[in-house]
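Order of writing sets the labels: A, B, C and D. Residues in every chain begin at 1.
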Amino acid sequence: MTFDEGQGYVVLATIAVPLLAALVLVFTPGQQKMLVRYISAVTGAIVAGLSIYIFAAYQLDGSDAQMRLQWVWVENTAFLGKDGITLNLAVDGISALMALLTGIVAFAGALASWKLDFRNKDFYILYWTLLAGVYGTFFSYDLFFFFFFYELAVMPLYLLIGVWGSTRKEYGAAKLTLMLVGGSVLIWIGIFAVFHEANLGTFDMEQLWAAGRDGTLSPTFQKVFFPFMVVGCGVLAALWPFHTWSPDGHMAAPTAVSMVHAGVLMKLGAFGIIRLGIQMMPAGAEFWMPTLMVLGVIGAVYGATAALTQRDFKLISGYSSVSHMGYVLMGLATMNQIGVTGAVLQMFSHGVMTALVFLMIGALYDQAHTRDLKDFGGITKVMPLWVIFYSIAGLANVGLPGFSGFTAEFHIFVGTFRSYPVFGALAIFAAALAAAYMLRLFAIVFFGPFDVRWSDLKDLTPLERLSGGMLIASIVIMGVWWAPFTDRVGQTVTLLPGVTG
Amino acid sequence: MVPLENYLVLSAVMFSLGVYGVLARRNAVLILMSVELMLNAVSINFVAFAAYLDPDKVLGAIFAVFIITVAAAEVGLALAIVIRLFRNRATSNVDEAASMKW
Amino acid sequence: MGAEEAWLLAAIPAGVFLVLALFGRALPRGGDYLGVAAILSSFLLFLIVLVDFLDTPGKLGPVVNDIEWSSIGESFDLRMGIYVDPITIVMFAVVTTVALMVNIFSIGYMKGEPRYYWFFAVLQLFVASMLLLVMADNLLLVYISWELVGVCSFLLIGFYWEKRSATEAAKKAFITTRIGDVGLLIGIIMLWKATGTFNIQEIIHHVEEGAVGQNYLFAAVAFVFLGCMGKSAQVPFHVWLPDAMEGPTPVSALIHAATMVVAGVYLTARLLPLFEVADGALLMVTIVGLTTALLTGFMALAQTDIKKVLAYSTVGQLGFMFVALGAGHPAVAMFHLMTHAFFKALLFLGSGSVIHATHHNQEMDKLGGLWKKMPITGTTFFIGSLALAGLPPLAGFWSKDEIFVVLNDKWGVWAVAILAFAAVMTAFYTTRLFIRTFMGTPRDKDVHEHTQESALVMTGPLMFLAVLAAVSGFVVFHGVGKALGFPGGITEFIFLPHHGPHRYHFDLAWATASVVMGATGLLLAGWMYWGNSIKRSTQLAEAQPGLYDLIRNKFYFDELYQAGIDRGMLGFSYVVSWFDRYVVNDTGVDGSAQVTGFSGGVLKYLQTGRLPNYAMAVAVGVVALAVIGLVVRG
Amino acid sequence: MRDYTIFIPEYIAAGSAVGIIGIELFWPKFRKDWLAYITAIAALGWLVSGLFFIGKDPNSFQGLIRSDDFTTYFRLLAASIVIVVALMSATHMRTRTKTVAEYYGLLLVAGCGMVYMAAATELLTAYIALELLSFSLYILVGYLKRDNLSSEASLKYILLGAFSSAMFLYGMSLIYGVTGTTYYEGIAEGLTARGSGTDPAVIVGMMLILAGVGFKVSAAPFHMWAPDAYEGAPLPITAFLSTASKAAGFALILRLFTGALIVDAAEWRWAVAVLAAVTMTLGNLVAIQQSNLKRLVAYSSIGQVGYMLITIAAIGYGDAKVGQDASSALLLHIAGYVLATLALFAALTAAYNRTGREDIPGLRGLAETQPFLALVITIALFSFAGLPPFAGFATKLFMFQGATTDELLWLVGLAVLNSFISLYYYLMIIRQMYLFDPVGDISRWKVSPVLWCLAAVLMVGVLFIGVYPGPAFELTERAAQPLFEAAGLGSFQVQQP
């Protein structure tokens, strides 16, 4: 076993460990709530460790996919030829970063759910299943498994939100699930068409990408089916106007689910656009990217504008996610190295900071049982640490230098400006709107006269501090010293077809 | 010799009459009889085709025999069910047996 | 240790910030001594850098030290580093000196305040960011530190967050400057797009080579200038600065008078070669500066809050600096920047001393006759006021005088006239402020009785700054400069490479005119307010009620903005929210679900439960298929 | 050469059926649930004897019956279904009727019918097999004599069944008239020899045949009987209807359409596509509005039929390779679908035994009172909806992929859209189980061990096919291979790139 193969098993472990945890939990008695928590915490720690390892061990030697693991799954059967379906796991610069994000957020989310008491076993089973799906999607180099894990990540959401959620949870859960699965309808169709058109008898993505590059998938074909892939994935990435699950879904979701969903799952959509759109159909990308740019800009401005007057914490975050994912789409749509890198960085950045925001909202809501901004005031007095954490997330959200948001948005702005100056300017303007809605929240909730009815609020628990601290560390590291991130992402981005220098 | 077309027309007419009966009748027994009419039309078809087209002249005839047999069984079964319905509801009108819908 | 290591200046306060932010609460006295020590070491380092810089062979060449920061493929190479040149040195001097004074002053002023440690922590962060800002060699780093100082400003304005007004002011400051920053970032990226680099010197080089088209360059420069206007509170972005006075007074002295608000001036000075190449850019700068100087002069006339008066005067003085830049003389602007920093910090700290002594009373109407009670504060404040009014031989005189000279050279007499009027108003309201606060008889006995002179920890910085306010103007002279190590005086020390040095000449005519302006304002104010009387001014206000209201209400800028935000931005937001809820969501998303469900509800009635209908369906199906097969396809 | 050995498995099944009826006839006090277990054991014997046929050379009985891997596949499927349904019925039927021997006997007989529908290579044989299955089902559907709904369902089913088999027969007679034979191979030859050009008799005959088989698999608009029959039938029979009956229908269709009618594919493939589109859309849309679980499953299975029909259309549109691939995938999907359906019904039966309610709110709070059943139901429903890691995802993906041709991409798209719609009503069921608290008794209750094991095994099966579809897919590929060899099109090798 070579070293690279050994690393392949590390990659496999990121999928296997959560699944194993879910399986172990299935056989854990539901009354043993503490045991369930410990299992989950340990799993989270392992997964985070593996993710950090993968990120750190990713070689900056100019090669693309590394740490490969290849197991034949189904081949030479019916229409499946050689390598028809393989469990083909590998890491590239983009997925290395996404894995890091997932590891951190998953661990943080597992800790954040410590307080959960109602059927926590079932919760964690679904939670870890979801995360296995997320990891699988990021690492799969096989279209079948890519989509398999993609759907696997979406599937548990209905129950996670429906059972453990809050405000209008049934509606939110159903809408979220249906919209996401509705998006994958388009992906299904796209997959069928691509497989049929490429006629290679394999779901191996690298072969399909090659087919996309060398014209086996004709330009006309790519133009027709690119929207299927991109809109399908775009729903998960809150592509305007398919974003409305985001506010309602986030409002309904429990803390950890919001964290993972906004933090990681939405990134699957953008990731899918890279994998299935840019990499598979470069000609289609060239044709459609201006349209995606327009939608991204609309999303960015629209989300920020709508967030300006919301009164619910989670609605603000929901709309702000729409806005930030708009940036991601813009970055991808630039089709130049800087913009696409920025988009990937923004995926990470938005992931950690939104996870932090939702963690904080959860910490408040668990005690206050209301999320109406107007109910609060001067919270700093009783929850200073909470305010500091929230502020860091908020300021990262605003794109303040020193925090990850800036690093990412800066690259996106530069990339966008390069190709579409006017949209770049609009995007920067939307960032100013972000300052407006965030500061409005700060001003109303953190500051001003203290309302005595909140004297009983407790500040963050040690676990919340730990999970929040990890997220903050990621935010700050990326904000201050982003070379490790750009190096890895850039290495892959430069190899993407159609992405210019 | 009577041309084949005559048989076919006869069969078609009988079949259509059967279909009409199924669609128009409300009494389960009458519907059953209409179905028998249709089956008989099929039998005519088979026998006629066998006589005119099949070199062995046997396949169609065998088919007809089987159809008759199966039809008999079918009628037996169906009548039993109709009777049970009648016992339960005191009617053999199919329109009244419509408690399951939508 | 040399100028290459100037980054240590910023690193030390930054480190102390982390220590204070994390552990300050647990430290005895909130760790204020750490703060002072950090700034002191920065100050000392500055002196080392200065000496090293002046000793550098090759005559004051810039010092560059940069490292590879990040890169993406071949296309995007980012280097970060420091660039130390005379402009930087001057900024170092201003920032470290004033910061040191303010830190010491704050020990007395902030005593007993809640979150004492936090105040010092953020102060350190501010100093670090500000120092980073002035030594950054590229626009990206400038933007980064630019935003960081903005956040510090936000945090410190909102220091008393329990007060709704402080919170609102902080928000306003942040968002207003942020709008300017949008421009700045756009401008930076436009420049990058045209030149492929963020490095300031390289950009200047490319632009001077003519690599950028005129219109494009003007647009880029105008956007950058938008950011400068926001940060330096130029009309129409000036609204945040007076409100920012909600913060603790030392903060007002350091951030909102001496250092942060001059960042715009600094950046414009730094990029002035671009402004010179772009047609009309200098005129734009001049117009903005003149407008600001004039309008804020008016606004300051009717203010009764000590700090508000000073705030408007700050904005006005920043206008002066921009005028100097608009005239194409960064050296003059930087000179005024420096003298202004000293005397304005002095004034703010002095007003802080008053406020502290009177238990947070800053309304002139309740003060008066404080000189006797607070002799040191009064004296130093007097020196500061005269410097602001521009009377010789105080620092403000020399720098302001130079501005008139270069303005006249560049744009002629009409501009000078406007600025002169502003200068007269400056002298007027400064005098008014001094008289109403320190002279006459106390208007509020209660306040007056409890007032006593501040402790040495506060008066010490006042005295130090008073000395600087008095003498720092002399650095303009060749002799003084030579003695200090930069022969030719400060204007020759700071110059744009291709301009060649500009040596200061004392011009008696301009000096006289300048003195006349100051004296006019001073006498006018004395005539109006001397002797504890506001009868004359009241009469004046009653004579021109419309004008008075206009000035008193600051030309209704705030109201206009408020309406714009409420009606425009928030209204738009409500429209978008409504659209999102009812059109996109309820109609689009839920609607399609309902249509689907409804069609199911209609279709299910096909299942009538009646057998003949079922049979009919079968028959119809067959017939339809057969007909299609025969007719349509056949 | 008459090789009767190919009938051995069915001898076992039919013999056992007679034996079981005999037991109750002569020993009326015999425990009813034991009869169920005997049936299951008999079916197990049937299954085991069927295993011996795997991989044997194809063998034809007088050109009427073909024993090949395709037959074996459906034999194994039929035996498995019978085992599961018999076990399901053990507790369910014990309290609901006085005599159950015929019930189990007919179950076995129906299974035999299913096998011969798959094995028949001649029209009359196919017809007899079809009627064997149908007659058994007519009785089984109406087995609850005192239940009004059961009788009504049976009546509707038999009358419509007779009506449609008359149509089917009329179609057969027309084909016979055109080709002069009833053997599939002969028909194919006859149609080929007839040359090109549209013959009205052929078209009408094919449409009538289509109606006949469409009725069997409940394709719209021939589906009307299904919801009512499903609702009226005892729960295990509903399970049988939606699995065995459908699978048998498709077995017949595959044999007939690939063996006999493939040469005139241009005449029927569009009709199948249209039927598929109508069927899936109607089934799924109407399913949204159902409140009775059985009816809901009925409509949902109608939707499933729509998906499966796409492959039939693809066989018509594509070449032999496409046909082969599509039918392999179809067989795989049928396997997955059968597993999930049986799992669902095993769980529903257990729930019904406890609550006696068959409407959706009857499942309210099941996650609290019986989490295992809730889990099984959820997995089955997600499998229907095509979500991983359950069978439905992989099999549906393969089936649609196999059916994707240039002409049918639109239909595949519609199918995916429909399966998305179906998720909505599946979620409505899951919602009742998980999102709401149980009403009344909230204590945990126990499922009978048999049903528990049954559900567990089926659930594992669903998961296995979903996660590792390879072995099953290879199996179904082998099962589908004889179809295209027997058609006289010449055997072809699956191309290995």
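The working rule: contacts are C-beta pairs under 8 Å (C-beta built on N, C-alpha and C of every residue); 3 or more make two chains touch, one makes a residue touch a chain.
Note that the structure is a prediction, hence the values are computed from the model and not measured.
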item: Centre-most chain, if every chain is reduced to its averaged C-alpha atoms; value: A
item: Contact-richer chain pair [B-C vs C-D]; value: C-D
item: Whole-Å separation of chain centres (CA-atom averages), chain B against chain C; value: 96
item: Rounded Å distance between chain C and chain D, as computed from the means of their C-alpha atoms; value: 77
item: Geometric centre distance via CA averages, chain B-chain A, whole Å; value: 64
item: Separation of chain A from chain D, taking each centre as the mean of its C-alpha atoms, in whole Å; value: 41
item: Contacts with two or more other chains, residues of chain D listed in rising order; value: 155-156, 159, 163, 167, 227-228, 289, 424
item: Overlap residues in chain A, where contacts from two or more other chains coincide; value: 178
item: Interface hub residues of chain C, defined as touching at least two other chains; value: 593, 604, 607, 609, 611, 615
item: Touching pairs - complete list by chain label; value: A-C, A-D, B-C, B-D, C-D
item: Chain B partner contacts - residues on chain C that touch it in the complex; value: 604-605, 607-612, 615-616, 619
item: Complex interface listing, chain B residues touching chain C; value: 19, 22-26, 31, 94-95, 97-102
item: Touching residues on chain C, where the partner in the complex is chain D; value: 593, 596-597, 599-601, 603-604, 606-607, 609, 611, 613-615, 617-618, 620-622, 625-626, 628-630, 633-634
item: Interfacial residue positions of chain D with respect to chain B in the complex; value: 123-124, 127-128, 131, 135, 138-139, 142, 145-146, 148-149, 151-156, 158-159, 162-163, 166-167, 169-170, 172-174, 176-177, 180-182, 227-228, 231-232, 289
item: Touching residues (chain side chain A, partner chain D) in the complex; value: 73-74, 76-82, 85, 122, 144, 147-149, 151-152, 154-155, 158-159, 162-163, 169-170, 173-174, 177-178, 181-182, 184-185, 188-189, 191-193, 195-196, 200-201
